Every structure is written in C-alpha cells, then in structure tokens.
Amino acid sequence: MRAYQLPKGGAGIDALHVFDRPMPKPQYRQVLVKVAACSLNFRDHMMVCGSYPMAVRENLVPLSDGAGEVVEIGPGVLRVKAGDKVAGCFFQRWPGGEPGPHLQAFALGGSIDGMLAEYVVLEEDGVVKLPAHLSLEEGAALPCAAVTAWHAMFHHAKLIAGQTVLLQGTGGVSIFGLQLAHAMGITAIVTSSSDEKLARAKALGAACGINYKTTPEWEKAAVTFNGGRGVDHVIEVGGPDSFLQSLQAIRIGGQINMVGYIGSKEGAINPLEILYRRATVRGIPVGSRESFEAMNRAIETNKMRPVIDKVFPWTDAVAAIRYMQKGKHFGKIILKF
Amino acid sequence: MRAYQLPKGGAGIDALHVFDRPMPKPQYRQVLVKVAACSLNFRDHMMVCGSYPMAVRENLVPLSDGAGEVVEIGPGVLRVKAGDKVAGCFFQRWPGGEPGPHLQAFALGGSIDGMLAEYVVLEEDGVVKLPAHLSLEEGAALPCAAVTAWHAMFHHAKLIAGQTVLLQGTGGVSIFGLQLAHAMGITAIVTSSSDEKLARAKALGAACGINYKTTPEWEKAAVTFNGGRGVDHVIEVGGPDSFLQSLQAIRIGGQINMVGYIGSKEGAINPLEILYRRATVRGIPVGSRESFEAMNRAIETNKMRPVIDKVFPWTDAVAAIRYMQKGKHFGKIILKF
Amino acid sequence: MRAYQLPKGGAGIDALHVFDRPMPKPQYRQVLVKVAACSLNFRDHMMVCGSYPMAVRENLVPLSDGAGEVVEIGPGVLRVKAGDKVAGCFFQRWPGGEPGPHLQAFALGGSIDGMLAEYVVLEEDGVVKLPAHLSLEEGAALPCAAVTAWHAMFHHAKLIAGQTVLLQGTGGVSIFGLQLAHAMGITAIVTSSSDEKLARAKALGAACGINYKTTPEWEKAAVTFNGGRGVDHVIEVGGPDSFLQSLQAIRIGGQINMVGYIGSKEGAINPLEILYRRATVRGIPVGSRESFEAMNRAIETNKMRPVIDKVFPWTDAVAAIRYMQKGKHFGKIILKF
Amino acid sequence: MRAYQLPKGGAGIDALHVFDRPMPKPQYRQVLVKVAACSLNFRDHMMVCGSYPMAVRENLVPLSDGAGEVVEIGPGVLRVKAGDKVAGCFFQRWPGGEPGPHLQAFALGGSIDGMLAEYVVLEEDGVVKLPAHLSLEEGAALPCAAVTAWHAMFHHAKLIAGQTVLLQGTGGVSIFGLQLAHAMGITAIVTSSSDEKLARAKALGAACGINYKTTPEWEKAAVTFNGGRGVDHVIEVGGPDSFLQSLQAIRIGGQINMVGYIGSKEGAINPLEILYRRATVRGIPVGSRESFEAMNRAIETNKMRPVIDKVFPWTDAVAAIRYMQKGKHFGKIILKF
C-alpha cells in the first residue's frame, strides 16, 4: 500500500513523497481502515515546515484527520465491525474522562503515523462511527477542528442557548464552532480580516461579524454588540497577540479556552487581567473520543454538514498544503483517495 | 386595589371571589408590580379543589404565574427599576445555588399570596426581566411551567444537542420542554392521547409523537424511534402510573426528572428497576431565579414564543379554571388585566 | 497454571474445583499478572449459588477482585511494566468517562474469566498500580467494594467535609465508605444488627452506630443524630426493603446511590416519595479505572488500610465462600496464593 | 454607638478614628448584629494606605470580617433569630449560585460600611451562623480568608483526598487552605521565607515546607516532592511575580485559582504557558454565603479552629494594622469588642 512520508519534521513541503509501505495488520482491539479521505489542519503545515513545538517522528506518515471504511477488525473488537464508516481520533488513547499522561504519545500524524495512507491501523477505542448523512469526505473534516470546538464549547465551557461565543477568524475550529453554536441557539460573533468571509460566516448563522482590520478594537465591538455585557466565551485560536483583547471581550466571569496560536507565539499579559475579570482561562487539547461521539450525535440530529472549501486528489497533497498556506480558503481542505 | 381570594384550600372554584385589598407597599429590596397578566397551572386547580398536598393559607390570593410592570421600588433595590417589565419567580427566595430550607415558605400563590391581584409586592430577588420580544401575556406564561422544563433539562439533566428527551403529554411543562429542545438541537419525543395534539407538537418541532391510547407501550415506541438506544431524559409529569414506563424508555444511564403527578398519586415500583438501568431519578421543584434568567436569555436569543391557548379577562378567573379542568387546551391559559 | 472453575452459574459451592489451564499470553495492550491474592464479594457467592441476575459464562474462573505482579507486557503497553504491583479493574473496559454499551461484557469473574487463577491476562487499561504502602493482600481487597464506595460518594454524590453519609451494614462497600469518609472529614453513620460490629465501626471513625434490630426506625435515629436535618447521602446496599427508610433518612435534596440488594430483591415504593424529598436516586455500577486511581491516591496519601477479616490459602476457596455465607465477618475475606 | 471611620481611601493609618454614629435599624430581611470581634485582612491595609484598586467610599467604616450576636431582626427574616451567633459575609448580596452584576456594590468594608463598629445592620442573606465550638473571636477570623480558600479549593478546584495543593506563604488564605486540606486528606505544600513559619505550617499538617528564599526555584522543589507529577492546584496569592512559577509547579491539566497579589501588581507571562500545560486559571472573588455555610459545616464536623496570632482591643485598631504591616504574624489578627 502507498502512503506519504515526511523524512523529518521541518523538512519542508517538497520533502513529502509517496512511498510503498507494508500493509498493516490489526492486533488485539485494533481495526484496519481503508482511508477514503483526509483533511488538512494548520498543525500539519507547521509540522512539515518546522514550526510545530513538539517532536515529530522520522519518516512520519502525516495528517491527523481522516475517514474511511473498516475493512478488518482484530481480536477482541466490539465497538465497530467491517463495513463501518469511521473517522480516526486525533488522540488514539483518550476514550473519555481525564486525558492521561500518555496522551501526546499517540497523536495521529505527530507522535505516531497519521492518516495520509491508503490503509491505517487504529485502536478500536480510537475510531468513531460517522453521522449517517455525511460522506466520507465530510467525515474526514471532523477529527481535529470540530472536536476541538465541541470540547471547548460544550465539555469545558458548557455553553447553552442564550449565551454568546466569540470565534476568531474563519479557520476550521471557528467555522465548526459557528455551526455548532447556530444549531444550539447560541449567539456567535465572528472576527475576520475579510468582509467576504464575514458575509459567509453570517450565511452560516453568525449573529455578528467584525472585521479586525477595519475595527482593530474588535473586543469593544463585540461587547457593544452583546448589549454591553461582554461575551460568555472565546475560543482563543490567535495566541498571545489576541489574548488580552479576548479577555477584554468577555463578561466578568466569562471564559477563554485556548486552542492555538495562529497569530504568533510571542507576547505577554499581566495575569492580574485574569483576576480582575474573574475569568476562567484554559488550555485545551482537541478532545476525547467521548466528545467526538457526542458531537457526532449533535451533527446527525441537526443534519449539519462541514463546510468544505476544496477537494484535492490525495496524491496532490503537496499542492493542497500549498493552497492552505495561502490562507484564502473558507472551510476544510480535503484530500480524496 | 382588587384581588381574587380563596377562603381556604379546597374551597372549590365557586368560592373564588374578587375583594378589595389595601394597596401593598414595597419594603427594603422589594418592588411593587402592576400585574398585567397571569397564567394558570394545574397546581392552581389542585389548590382550589383540595388535592394539593401542601398547606394553603387562608384567604390566599391564588396563582403562581404573573407578569407586569414595576411601578415602585423599595429602598436598596438595584436589580430592577420602575418601568421594567418583569415576571415573578414562583419561589420568591431562591435566587440561585441550592434551594434553602425556607423554599416552600415563599411560594407564590401557595404559602404566600399570589399574582391574581392588580398590584403585588415581590422581592427584588424574586423577579426577572422579560425577554424584550415578548408581550406581558406571553411573559406571564413562563414562571412555573417553562422554568420547570428548563431546570429539569438544563440545570439538572444538562441535555445537549444530539440527545433525546421524552415529554409526556402536552401540558405546559412538556410544551415548553419541546420548544426549548427544538431551539437547542435536541430531539423531542412527545406522547399524548390526542392525534391532533401530536400534530401540533410536531409543528412545534417534535421529532416523534406517540399516542399512548393507541400505543399503550409507548416506552417501546420511544426506544424504537431512538434507534433502540433508549432516550436520554424523561421529564416525568405523569406520576407513579407512568414512572415504570419512563424508566423503560430511557437508555442505560439515562435520567428521569420528576416534576408532577398529573396522572395520579398512587402506584409503586421496585426501586431495583432504577439500579438495573443505572438511572438517575430526581424530584425537582420549579427552579431558581438564576435558571429563569438563563432561560430568558435563551428565549430572547432564539425568539421563542410561549404557546398560548386562550386569553380570558382576569375577572373571569373562575371560567378560566373551569376551562383548564376540561383538559382540551394546548398551551397556556392566560388571564389579562 | 491452575485456576478454579465454576461449571455454570448456580452450580453451587461444591462444584468449584481447581483445574489446569493453558498459560495465557498477553496480546497488544494487555498484561500478564501473576496473581498473589484475591478477595471475595457477595456477588461471587450469588454467582456460585445461582441468585446473580446476569448471565454467567460456562466454566468461569470466578472472583472479581485480585492483585498481583505484572510479569509480562504485550506490545504497545505504556501504563505499566513488569514488576509493577497492580490490581485488576472489575470492568476491564471502562478507563474513564461514561461507561459504554459494552461495560458488562468485560466484567471480571462474570462475563469474562476472573481472578481465581495463578496467572491472568488483563487489559492495560484494566489494571491500576497499588498504593505503595499496601501489601498485595490488601490491594486485592480494593477492586469492587472500595471502588464502588468511592464512585458513589465522590464521583457521583461529590460528598465533602462537613456532610454526612449513612452506610448500611458492615459489608465491604460500607466499611470502605466509612474509612474514606473518616479520612475526608465526612460524618459517617453506620447501621448494623450487631452491637459488636457497631463498636468496631466506631473504632474506624463512625460518628454514630445504629442497631437496626433494636432500633427498627433507624432512619429516624439517623435524622435525630444529624440534628434533625437528614443525612446528605445514603449508599443503598440493602435493596427494596430498606429503600423507603433510606429516603426518609436523607435531607430534602439529599442523595441515594444504589449499589446492591443484600436484603432482598422484592419490594416497592411510590416514586413520588422521591419527588416529595426532591431526592436524587441513582443506580451505579462499581466505577471506572479513573475512579480506582483517584481512590488509590487518597488511600496512599492518608495511609489507609483495608480491613481484612481473614486470610485463606487460595486452594481453600470453597471454605472461604462458606465462611462468607455465615455473615459473621467484618472486613474483607482474602485468598492468598 | 461608636465606630471607626476612614475619611477616604488612602488617608493612612493615622487617619482612622472612632466616631459616634446613629444606631442602625434593621429593615425588611435585615438583622442588627452587636459586633463582638473583627479580624484584619491585607485588603484592609491596602484600603487605608491607598493601594486598593477599587473605589472606597468616604467616611467608610472599615473592615470586612466580623462576628457577633444578632440582637434584633427586621420583618420577614427567617434564617436567623435574636441570640444567634453569626459572622457577616464579605459580599452581602451573594447567597449562592453565580455572583451577579452588583456583587462589588455590597462588599463589607469597601463599597459599603464594614464591621469595625459596635453595631452593624446586615442582610439576612449576608450572615451565617457560626460553628458551635468556635468563640466569636474565632468566628470573626473566617469571612474573607477562610471562605476564599474554601471557594478556591472546593467550589472551583473541587480538590479531593489524595490530591495536592500548593499554598503560597502563611497569610490567612494559605493557613486556612492548609487546615482545610489537612482535615480532608489533601496533601499541602507550603512556601514561606521563614523556616520558623514553615515549622508551624508543618505542625498544622503541611506535608512539605519550601523556603523560597533559600530555594528560589520552589516550583521545582514542589514538583519533586510530589513525585515528579506536579501539584493539582495552586492558590495564587502572590500575583504576577509568582504566577509563572505556579504554572510550572502544577501538573499537566492542573489548576491555579488567583485570589491576590501580595507580591506586586506588575509582571507579565506568555499566555501560551497556560496552553502548554493545559492548565485552568481562574480569578476568583472570596465566595458566596453558600460556600461559607458549607465551610462552616466542615469546620464544625472536624472541630477545626482558626489560627489566631494576636488579639487587640477594638479601640487599638491603629496598632493592630501597624502590627499587620510588619508581616511577622502567623494567623489572624483579631480586634475584640
């Protein structure tokens, strides 16, 4: 079978090539999945280009997100059977509850081989069945971005109808956050540097769009839109640059769940700003399989569909990553097998 | 000012008469409300007719639900001001957190005088501002039934999009439960003895309607509809009669929040049925002001409107209660001042 | 290697015999444990004698509780290594979070072979390291009874110092509940039919002992002891017989976690009794590995030791079960290899 | 009656004088308390000396902490009666649940007059009955420091036996945190610049004392003591100076509850440090009356006693504040009437 390999972290986009690899075999409580589609995350780009802060194994099969069909199950498997359509969980060993000490040691397309292969072996506890109304391409869009948004908004922040979430930009996490908020009666405020993207966000249900280029004090605009009260929750994807503004956007007692640093990794705040606003600030990692399954029930019940920007053949992975690098997309970039 | 009075609990519908009473005066942290509308609950009927299990004071001003305009505030009031449109909280002294030992001592239209009066004095902590898009008649529909549904489903059961709730009948609690579920991406299954009422429930967003007359094993129909999994939550309004079926309708690990006994007060179950299903069963009282306010934000954000069956002049309270007694209504019965 | 086998559920104590069985081999993410000690639970007796309500596989290796040393690990194991002293989790596939649909399919000494064998293979996710100060006999006492008490009191009831728990009898769950309560500043009330056992419970930290033979209205004695307030929590091990009294023992808003039915399986209550007391009643199964690990940290920090009544050689399992049948023990009955 | 008054915030210690003031009268749901003792908090010193960040009313009666006997109740009061021994709640209008928007408007000895008076009127909902075994001087020690520690550790961090808390210094919050931890089976690590104070902390139950003068990398010493795992929770009283070290002291997934800035108000951190450790960081205000009452039950059950350093006559308030300024005390400084 064939798979992409990255010789080492930071080797660059052009270092990605397809290789023949031995067909993997599922062991006890593992399943063999024939991959039908993958999707890209900003993390994948960072790994390839060398800005990812964690170790990347040599000759890594990249990509964290993928979906396909179970074609064989190992002994002892009960949760799925051959023929099931599944997605892989970013963390292969986090079925639910507290993430354990070995969480990062089993991150798909990072510490272990990822999804950009024709066949992959995954843990029984590391796959979820897809919502019935989704295609495999749509299912491949879910694992990192959507689960992160769900885990931040519902597992941690416990947002509920009538509350307000501020979503930064129109990357994967934010767009899924917007769609989930919309389906659940939660007000979503979206920021972007592009009025066109804001218009698309509104079409997906955003109650308010703020162009942070033309409104650099977007936190004030958010508070004003929310009747002066401040928003209940921010999913912080920007990093240190935007963090202080996020703190100023929330209400007294509001929450920030930090999931990324797409802006930059540099910057500093006085932590008393957290105290003064009686805020709760968390750093969170994607989410557990339990969160993924809960989200899938919400997606299925509400007939939600991931927003897909463009579909590439999987053998055009290099072109797809370059396309992501340009930052013009709105929604997920898919690789189809 | 004028108000209805019930000479004593169980005096009967015809014993209700309008009397002149002295104009009340708000003390420290109290507010004077000019009542614009009330709504009826089954509890009111029970009190008047003598089947309510708790003590009813003599010469009670009846009714728990009402809304109006603040016309005067006592000293020390900060939460509202004259001109605010408010509803009263059923429990006047439960602002939030755990209900205290004196909860029942301050229940509107039960242990203390209720809302069927031209003017009432309420605690500052016992009123909530109404959602801006609602009329005062609509606001008067909320205090008991809607807050009970909210408190059961969100404060306690913590239902979330993708889960399923079973709602018994089409009384106030169930209809509000249905509307809230619909706005929040939760699947609602409604039971009724009337196909016509089921059709109306579906129009409000019910995913499934079960006629318990023609399908006496409604719990099996609910499980089947839910893909064999059992529902996540039942709001039990029927009482001992329906309780065992409710237990059989939920999934392993599901929840029942008991709020009433509209069927009857008699019946028994083997409590091991709770253990076998690893169920959580709670008895709950309406809800706190904090729940009421959270619900109002959800109602306002989602532009929800209470379903109103019929509006009577307040001086026709006797006719209104008789109308409720017939049980043909769908939605709240309102008394307008 | 040798192991006890039960030809089928209900075959009786005398049907238990030692057989030679093939040495098991750990697969992917499994570990081989050399068993050093087991402990008995009432459940084991029920299985052997035919009163257990769930299916028991043929030629079952019985017993749910055991501890030993890891002697070999399969591929992919990270959580433990050879030489670690571990206990098995009753539910082999419940690492944390919500129990899944296959929970009961992997219950040690029930749906799958148990611990009464010289060697057992367990899931990596189905073992916990023992507190360092405990012997393997003491460690073998923990899996079912202690984890059940922990899960009921802390995962679910979230008891905290200053609250009161009522513990029925002096079986394993209740004694562990008492020890945990004592270490955590929680008031424990213990019931028993034996003044001698009550004296021992007091020596372990019980604030109050009630002899339910001489004080049949033990629920009233409990309320009186607790200053008239009612207790916060009951771990219901008695079953339907004692359930109504448990409900009457708790405060308004209190909790009952049902874990067993040592009294009998027959009896009924009016479920409105739950509503009237605004109680929360749950049926709960032992607990997750996460609960087990959290408990072990509490045990280690507080240098707690399980109460052991008597230690038998493992080859005297028949005598040990007969001894349990008499019901004169106080603390766990251990089988030592 | 007589009371101390501070002409304005920052007027300085010598500006404090005793004045005659009219006897206050309890209104609806208020109580009149004859003050028997007060205690000092660092906040009081900041207010008097001008470093408190919030507005201080003119001619303020200072001090947030006090206890006494109810001598008269206003109409409508149910929670207490004349003769009850009570302490005041720092936030007079936070009975439980979420703190509302007017929280800071009713802070004793800050936005409203405080406890350094012979008689004070408090809200019915703003007093708690004292644990029966405590004197009024001991009761006066509780309102700010102890409730802050309780609210941080149990309402928010939900610490449980077997977990570890790091407490900075030996001020009021930290000492109460230590005593509560000790009573509840939680490991406490205490830092201080004084070996003598560390010795006293160990006598109160601290498992580990770290002198941050001689061990400037105290966070590493804490992690080492905790078996390399990092602590579960830090109550951050130091402020920005110590915040980064606190982050480095916690385990992955650990928590910091920020309650003060005794070190300084200046300093900055990269917020990604929060993300990298998947930490939860909260800014919290003292706590609700519900927290105070829950704590009092824990104190009473465990017969805990506040550590009192020195008792001054109330008319020596100036000397008492000067004594606090020196920072040599260990435990609370009391003013007795």
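Note that the chains take the letters A, B, C and D in the order they are written out, and that residue 1 is the start of every chain.
Following the convention adopted for this analysis, a contact is a pair of C-beta atoms (placed from the backbone, for glycine too) under 8 Å apart; a residue touches a chain by one contact, two chains touch by 3 or more.
Note that the coordinates shown come from a computational prediction; the quantities given were computed from them, not determined experimentally.
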{"item": "Common touching chains of subunit D and subunit C", "value": "A, B"}
{"item": "Which of A-B and B-C has more C-beta pairs touching across its chains", "value": "B-C"}
{"item": "Distance from the mean Cα position of subunit C to that of subunit B, given in whole angstrom", "value": "41"}
{"item": "Residues of subunit C engaged with two or more neighbouring chains", "value": "98"}
{"item": "Subunit C residues touching subunit D - in the complex, by the definition given at the top", "value": "154, 158, 160-163, 180, 183-187, 294-302"}
{"item": "Complex interface listing, subunit B residues touching subunit D", "value": "27-30, 74-76, 78-79, 95-98, 100, 102, 105, 288, 290"}
{"item": "Subunit B - residues contacting subunit C, complex", "value": "53, 98-99, 101, 236, 239-240, 243, 252-253, 258-259, 261, 265-272, 274-285"}
